[in-house]
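Some structures to go through are shown next.
Presented sequentially are two complexes of chain A, the first with chain B as partner and the second with chain C.
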Partner chain A sequence: MAAHRCCFPVWLFILCSFSLFIIAGSQETTVAPEQHASVLDNPQTAAETAEQTAGESGGVEERRWEGTEVRDAAAQKQAEPAVLQPTPQPKDDFQEELVVRPLHSGDIYASFQFRTLWETDFMRGNKVSHYRLFPKSLGQVISKFSVRELHISFTQGYWRTMQWGQPYLPSPPGAELWVWFQDSVTDVDATWKELTNVLSGIFCASLNFIDSTNTVQPSASFKPLGIGNVTDHRFLRYATLPREIVCTENLTPWKKLLPCGSKAGLAVLLKSEKLFHSSFHSQAVHIRPVCQDWQCKTTSWELRQTLNVVFDLHNSGQGKREWSLFKMFSRTLTEACPLASSSKIYIDITDNPEGEQFELSPATSLLSQAMVLGDRRTFSVYDLTQQDTFGSVRSLNLLIRWKSTEGDMLRPLLHAERYVAGYGLQTGEIHTLMYNHHPYRSFPVLLLDSVPWYLRLYIHTLTVTSKGKDNKPSYIHYQPSKDRVRPHLLEMLVQLPPNSVTEVTVQFERALLKWTEYTPDPNHGFYVGSSVISSLVPSTVAMDTNSTRERPLFSSFFPCKEESSYFVRVYTEPLLVNLPTPDFSMPYNVICLTCTVVAVGYGSLYNLLTRSFQIEEPSPGLAKRIANVIRKMRGVPPL
Partner chain B sequence: MSGLPGFLIDDRLHFPSCPSQGGQRFLVEMAAPLTLLLVLAVTIRAALFRSSLAELIAERVEVVSPITAWKRVVEGLALLDLGVSPYSGDVFHETPLIIYLFHFVVDYAEITFMLADVITAVALYMAVKDYNKQVFRKQKFALEADRYPLDCLELIRSPKEMYYIPLKVAMFYLLNPFTILSCVAKSTCGLNNAVVALFIFSTIKGNTLLSAIFLCLATYQSIYPLTLCAPAMLYLMQRQYIPVNFRRASFWWFIAQYLFMYLGSLFVLICLSFFLLGSWDYMPSVYGFILSVPDLTPNIGLFWYFFAEMFEHFRLFFLCVFQINVFFYTIPLSVKLKEHPVFLIFMQLAVISIFKSYPTVGDIALYMAFLPVWSHLYRFLRNTFLVSCVLLACSTLFPVLWHLWIYAGSANSNFYYAITLLFNVAQVGQPGRSQRRLLIESLTETPCSPLRKSQNEKSY
Partner chain C sequence: MGLLSDPNRRRALINLLTRLNAPICGMPVEWLVKTMQARGLEVYTQRFSRTLPFPDENKERYMVKGTNVYGILRAPRAPRTEALVLSAPCTPGDNNNQAVGLLLGLAQYFRNQIYWAKDIIFLVNDHDLIGMQAWLEGYHHTNTTGMDWSPLQGRGGSIQAALSLELSSDVVTSMDLVLEGLNGQLPNLDLANLFYAFCQKIGVLCTIQGKLQRNDWDSVSGYSHAVQTMMLMVMKQASGRPWGDHGLFLRYHIEAATIKGINSFRQYKTDATTIGRLLEGMYRKLNNLLERLHQSYFFYLMPSLSHFVSIGYYMPAFGLLAVILLLRALDLWVQLATPPPTTEDGIADIEQSSPGVLSVLTPLVISHLTGAALYMLPIRFQEMAVEHFPVSETEAVVLTAIAVYTAGLALPHNTHRLLSGEGTEQGWRVLKLVALLYLAVLLGCTALINFSLGFILALTLVPAAAFVTPHVPKVLSAFVLVILSPACTLLFSVFFFQELQEMPVSFLDGWLLYLSVISQGILDHFLYGSLVYPLIALLVYPCWLLFWNILFWK
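Right after this comes the complex of A and B.
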């Protein structure tokens, strides 16, 4: 065993130095300037450190070395000339992290983020054919369909904002897909249709059910998140499938997109039997172009795969309020993904500065502060690329043991809910309630509602009231539905007064559909996708006088822009609406009966049209008739 | 035919409206009951508008259809205010002229609808009065020519009877619960009825141009009144003593004249609508909607459940069959009834209101108003009692079964469908029966003995 351990670093060292020679030899042609500069700067250190700890993990400096080393080794293994090619090496980078936030309800919120950056241009004339960290399937999708931005999420369960606070990445229940296309796309609708079908195959989801009846083009709510200042919403498509059920078959293709798959790194925790045994599960893929540096001279593509899950440990546990990685995921961590340039676990300990709420083990001294959703949060950081994180047992099993059950959460400043009012199957009313919990600031929100055509909205019944007064939206974008073609789209900008509830109501009428248009379980009802509320919410930090007290006085008079407000997107519940149904067993009967009635109408008219009235002589009596017969036989004229 | 007793003839030869009898007095005499009737009708409507029932009635699917619902008119106006074309969605299906009209009078909608009913009633009243005068004149000639057999006397209308017929017509329209419901629900069907009534009035008055214009307006509102073209032309020709003869130039000249006026005003209207909104969007949204029946909201007609349950690949075929049904009877009926154009109008109205794609009770009310015109022939009607009972029962059962299906959930769509089916069975007999009645009447004008004949006629 020991001999084996010794052999390995030596072998690596030889490999590494060999590759260094090659790189040094071909530096004029092969390696991009920055990269080989770093190589040249500290080749000595690199070699040393590789020798020292080129085992299972390394420090921050070594990690980069490990990455290079593996890449070079791989390149070497494939073919020698690959290194000698004049084309520059793809500059890509992979990071992974896990954020764990103990929630006040006793639940645990775990958020995985995997980020792949690649400096390439998919839109170039010649095709990108060499993929390293970036998944090829998605790269091909981007280049084939001229996608500028792609955001897709699959969610099971509903995020309870009032209990759990704001999520890091909000997503509506079911599937959501929104795509910005490049402005070179001529037929956006056809491209969109094709794209949804391809994505449906990639993610094993029913995205092929996205068609014109559930696709909208929001005018203001969904702006590009990456670089590029396009505002022409003709190139934007947004669709939700609130009925979509997310399960293992969606998780497996999602995991396959990761560079390490589920073999190493944080992704080993993603065991589907545990992930789907949770209160909330959401997985997403976001692709966007981002700037490489602050001057934005070069752009690169960012692929962000996120997975958010809320475990209800309090209920499923054995009455004890404690959790660990093993308890949540039935796995512990043993290594970082070797391809990752950074691999970290963050535990939110903001509410627990003195350790009075819960106890964290193993303890870490590394702390980090970040502005998250307008709040300054403190995190304990576990760097998986550091060997000592794993301790002597060579596995990391984080454990939180709760000490007290109380604790109050800062109420989320923006919160929304929605329901259907009314009874019967003829009409109804959609109520959307938007809460502004800010004590003194009002702020505008953008409300987006996409309602299927079979609920016929009456826009003249739209009312917006807050604090019992009419609150006229300053901007309304309404696109009425077309039967069987497109849904209603309602977008409006509403100012939410401080500390208030704003109620938006609109009446609708339920349509009777053709019998083939109903789902297989028509009496279950029809889903209406979540409303989307997007807003710049004033930060809680600005409310907090304690934080400004720490700062120098000259810096704290005007609230600075970055901290004064932050962007929040809130999704409401999807609605389940019943529609009147015909009797599905009766098509033949109905066709027969109705046709009969029409035929009776036709018959009676036909009868009268063809009938001619004649004067009829009163019919002779029997005796006379017999007499006539006899007279006829006799050849005498009848009577 | 030795003739009738003198006193009888005297009695039946004088129509009270003859100027010799004092037209002024007559006008006053007749205007008073009509005014009373109008006041009563308006009072009922105004009271219902003020009551809480109005909202309930406005939601009833029997009273409003997707085309005529007031809610949708308001929605169209709201869309226009938002800067969205009302026809870009699938809620508003009225013509641009209706938008234009209600753009100004939306605050006085209740008055507008009451006014529409009043106009309809008065127009029908005047039209029927005029028509009766002509009938009476014809009858007088026949009597003088001794063309009536003695046993037909019961069928000859006495002036006293005829005196009240116009009033009865107005009453049948204004006090018909169907009309009242339709008006209280602010169904634009009332406006269409007013246009049709004005068309009938101007036709009977013999004003060719106005007749063509009003017919064109009615057609523009909902395609179906197109079939009223034939009776209007027949009547006007009859009035101008133009023989219905294909070989006569005067016949073709008249048809060309009428069609020119009709199509010309239609062209003007369509262009006007185009310029009002600046787009042709309204064509598919109004006429495409009427013809292709995409909205399957339940109503009293035959279309909704049939097409909800239809197999997709037969849909177009049956759509054509059902729509042709409305237009199809025009030609044979015009041939058969060319001597009775007013009756033909009545028949066409009935056929339209039964077979149109989105019928409401307001449409039925219009043709029902004509029933008193031929009241002297009721004795030839069969199953009157049964039919009126069925219609009455169905009218009450509509809301009951609707409630059971939509609100209580204890019945399903078949219940409501069954009632619409029964309602239509009772109705489809109506034109047929009435026609039979009229055919018998036409026999009474021939020197023969129709009574005996009709009693022996085989039933069908």
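Right after this comes the complex of A and C.
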């Protein structure tokens, strides 16, 4: 399918314009010139593309590559024309990569990222109708709903920070959606409602359950990740569905958004029977505008599809600590996606510099260093666009064989958990614990809590304590809930003292729902979404005395600003709360029915027993007398 | 079931069990932590300490310090919202090693499975119920009993169900299910059904109250066997104490039961693997639940494992007893309302009823003060009693309680000293009316919470309440009233319970047992929050004193 799209762009173009002609004859005049214009643009921008992508890998991504890596990328760009078809140089670009990180627990973490860049403008009045690498369904969503930024994630499982460290891309259990709209949108709520329904169809998920009762507008926690300086949170909507179950039906539409589908490249590995035989599974789509060049004169759209999965040592291994691509995904790699400008596999070998922890085969000489989450990591790189990567067997099956079970992980500096305290069905208390494991630095965190209206928070009971002392938040944004309309929103900026636990508690009362509001009988309870903790965490590199010893003295006195802290978002576990539920079973119905019958029976019996019956006195009342007068006047016999 | 079929796992389990046959209890915390970690669990510990209000002579403990160890099996792709608990108590001196070994074996086997949808918490609790109380309070961050515990580090969300495992001997011939929890709470009947169904499927002998099910329902002996089983349940439930470690879970709305391995010296023996299969089956069923257990009964009595008496059948029996009180009260009301057939004028009537208010209020207040003394004094005065009398602390508490109880019998004398005038005919009627309604409400509420306790109290108190007037023969009635008082009911219950368990005791042993039961009851209240002791001391006993007062009305 993808190959077809590449080979016959002209054919597609004709088909496209023909169908448009049929559907809307009136629009035909406006569409056609623009398409011609876009085709004409191609040669001009083609030369820039190669330069930009090399630069952007440093500028826009969260990870910054060391000099070696940039050179590496540039070298690879030169090889690019040989791989791609000799079609007119596109102004869109596709990259794919897989990062594999062996975890200390013996588990293995695999993170796929697929990035499509497209220099186009959905907004400036012109209808974009020629799609090459960028999925059309998403492009139409962006232009129709004036979306500036869209982040959607589907996660099955909970990221175990204390055992696995920080993930490259955090996401809460269930579905999460947050969208920044353009400031041209007038009715944001209506657009949001429509957008969630459309996305629900695209991703085969229950996103249509997002309504005003679980949507909030965070004031500080979610800032735009792309370019743009509008931070008015009226244009932001955030919602989570903690009980959303993610399965193959969500994976298939996600894979269809890829240019190569699951036919070639790294996406070949994405077989659902293995992906869902894991400890953690998360897939996400991020759309944002990014700069095209350093001057940032024009913007392009970035679509980043990510998929994170953690495979469990105990579930899939027979006691052997050994991992291979085939064992993880039941596939091996034979080629890169032909449409991709870059296709690489990174293996994190930071803890394994001399190969004493695990053994990697086939070995590679290509190394790369990067700052990831405040830590300097070393990776082995496998470039799939190079034919010699596949060796003589024409297939790549990476193998990691553990040698020792020793080795301890650096404790994550920020970690959080949450639970419901108390018993009974009337009241309760939400406890959120935030751990700062840094030995001597304190840092501020932004806590976002969105609690459904049926838990009535007693905000006056809010306490924040760390080390046994009251810790006053420097910023609190609280929006009270409205029953059946909107949830509670609580945002706080809290300073976490070094090496401490900060506990945030707030009491709540469980509301009694109307009887139609209860979920159908087989239900676990009511879910409360994860709270979100966003923070700039001091980097571990600054803590590392060894590396400063190696560095020149003049470079190491003041901590480097960029290295000194990094952004982390931590999600707590969702909560499951039981509300007082009437017993909707047969005895309950019997009781209701009996009470009704007794009330009716007793009422009439009591009425009969206590009422005194009297013969009506013959003198008629005033009304009757007047009526009789009128009747007499009309000649009707009186009452 | 994979546990039996895989020879490797079986060998590992047997190795573990033989290792555990050496006495390890006394909680080898470090070893447990290491072993659980090696099985791929997230392991945490919790320290707790508790000083009992007075020494527990049955279990020989006063200042308790211990450590709970628990490992959480994180379910793959589950968001930590739900959990199941499997616990095994590990007490010093006691041999529950088999259970701990089986727990570890199961943890290892469960860890390798992909199908878990709920986290499973494997808990080894120190000092049985006290450790369990500390763990549950820590998990839910409540403190109802003033215990010191260190906060828990890891949690698994809301606990859906829990099983506690006790294997007291190496040889197990049958599995016994214990359901009665704190304050007579019972888990959902489906948990019992689940246990029974799996016992049937796997072919394990299963009992309830230590009694096998018999098939001859029609015969007299079969019927009496079932009645015996049910009466045992009634007695246990009425005691309001947790009869296993599961008992404390029920407060938190967690369905829980204790499974006990019993050696009843039968031919057929059950090995640890079979028990493991039984537990595996039960946990897989609980894991698959899409909702909390609620479709079935929470109020039931079980004459055998496969039969139950529902609330609809047993509640009318209590209702009929309680209606006697109401009819009596109605009778008195009517008597009070009709003008007395006397020739006296109306002024005399008013004079007659006006001291009535005071004559009702005084006994009410005094009897409740006596009840409060019965509740407070035993613990408060134990030190003084130990100084002045040659008794231990525990004896001091129990004997003080009995002394206060007996002293309350002098109440009518005190009341009359406080009251200036003579008690009138009208006066005792009003007092009895109040007492009857009080008792009816009290018993009604008790029966709703703990049917068995309400029923046993009703059986003894209702006849006393119904017949007592100042005009019946004093000595005989006093004797009957004392026999029917709550303390004597407890004494009879002790003997009756021993009889039901087919372990009859002599009177002296029974008396000692009685004393220890009182001390246990008081301890249960202070340690776990059992409500029976305050209920008896603060409400039932004062109510009974009112009737005692009526008998000696002057």
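Note that in this section the second predicted complex is superposed on the first by the 488 of 639 C-alpha atoms of A that agree within 3 Å, B and C clash if a C-alpha of one lies under 4 Å from a C-alpha of the other, contacts with A are read in each partner's own complex, and residues count from 1 in each chain.
Rule of thumb we're sticking to: a residue touches a chain if its C-beta (ideal position, glycine included) is under 8 Å from a C-beta of that chain, and two chains touch if they have at least 3 such contacts.
Note that the structure is predicted; figures quoted are calculated from it, not measured.
Contacts of A:609 after superposition: chain B is touched, whereas chain C is not reached.
Residue contacts after overlaying the shared chain place A:583 against chain B and chain C alike.
Of the two partner chains placed by superposition, A:132 touches none, neither chain B nor chain C. In the superposition on chain A, A:242 makes contact with chain C only, while chain B stays out of contact range.
In the superposition on chain A, A:160 makes contact with chain C only, while chain B stays out of contact range. By the touch criterion stated above, A:423 is placed in contact with chain B and with chain C alike. Contacts of A:411 after superposition: neither chain B nor chain C is touched.
Contact with neither chain B nor chain C is seen for A:193 once the two complexes are overlaid on the shared chain.
Touching of chain A by both chain B and chain C, each in its own complex, is seen for residues 423-425, 583. Within the complex formed with chain B, the chain A residues making contact are 423-427, 453, 456, 458-460, 476, 478-484, 488, 509, 511-516, 580-583, 586-587, 590-591, 593-594, 597-598, 600-602, 604-605, 607-609, 611, 613-616, 618. Chain C makes touch with chain A in their complex at residues 40, 42, 74, 76-82, 111-114, 140-142, 155, 157-158, 251-253, 290-292, 294-295. Interface of chain B with chain A (complex): residues 59, 61, 71, 74-75, 77-79, 82, 84, 88-91, 294-298, 302, 304-312, 318, 321-322, 325, 329, 332-333, 336, 351, 354-355, 405-407, 412-414, 417, 421, 424-425, 428-429, 431-433, 435-436, 439-440, 443, 448-450, 452-453, 456-457, 460.
Listing the residues of chain A that touch chain C in their complex gives 156-158, 160, 163, 173-174, 242, 276-281, 312-315, 417, 419-425, 429, 431, 521-525, 527, 573-578, 583, 585.
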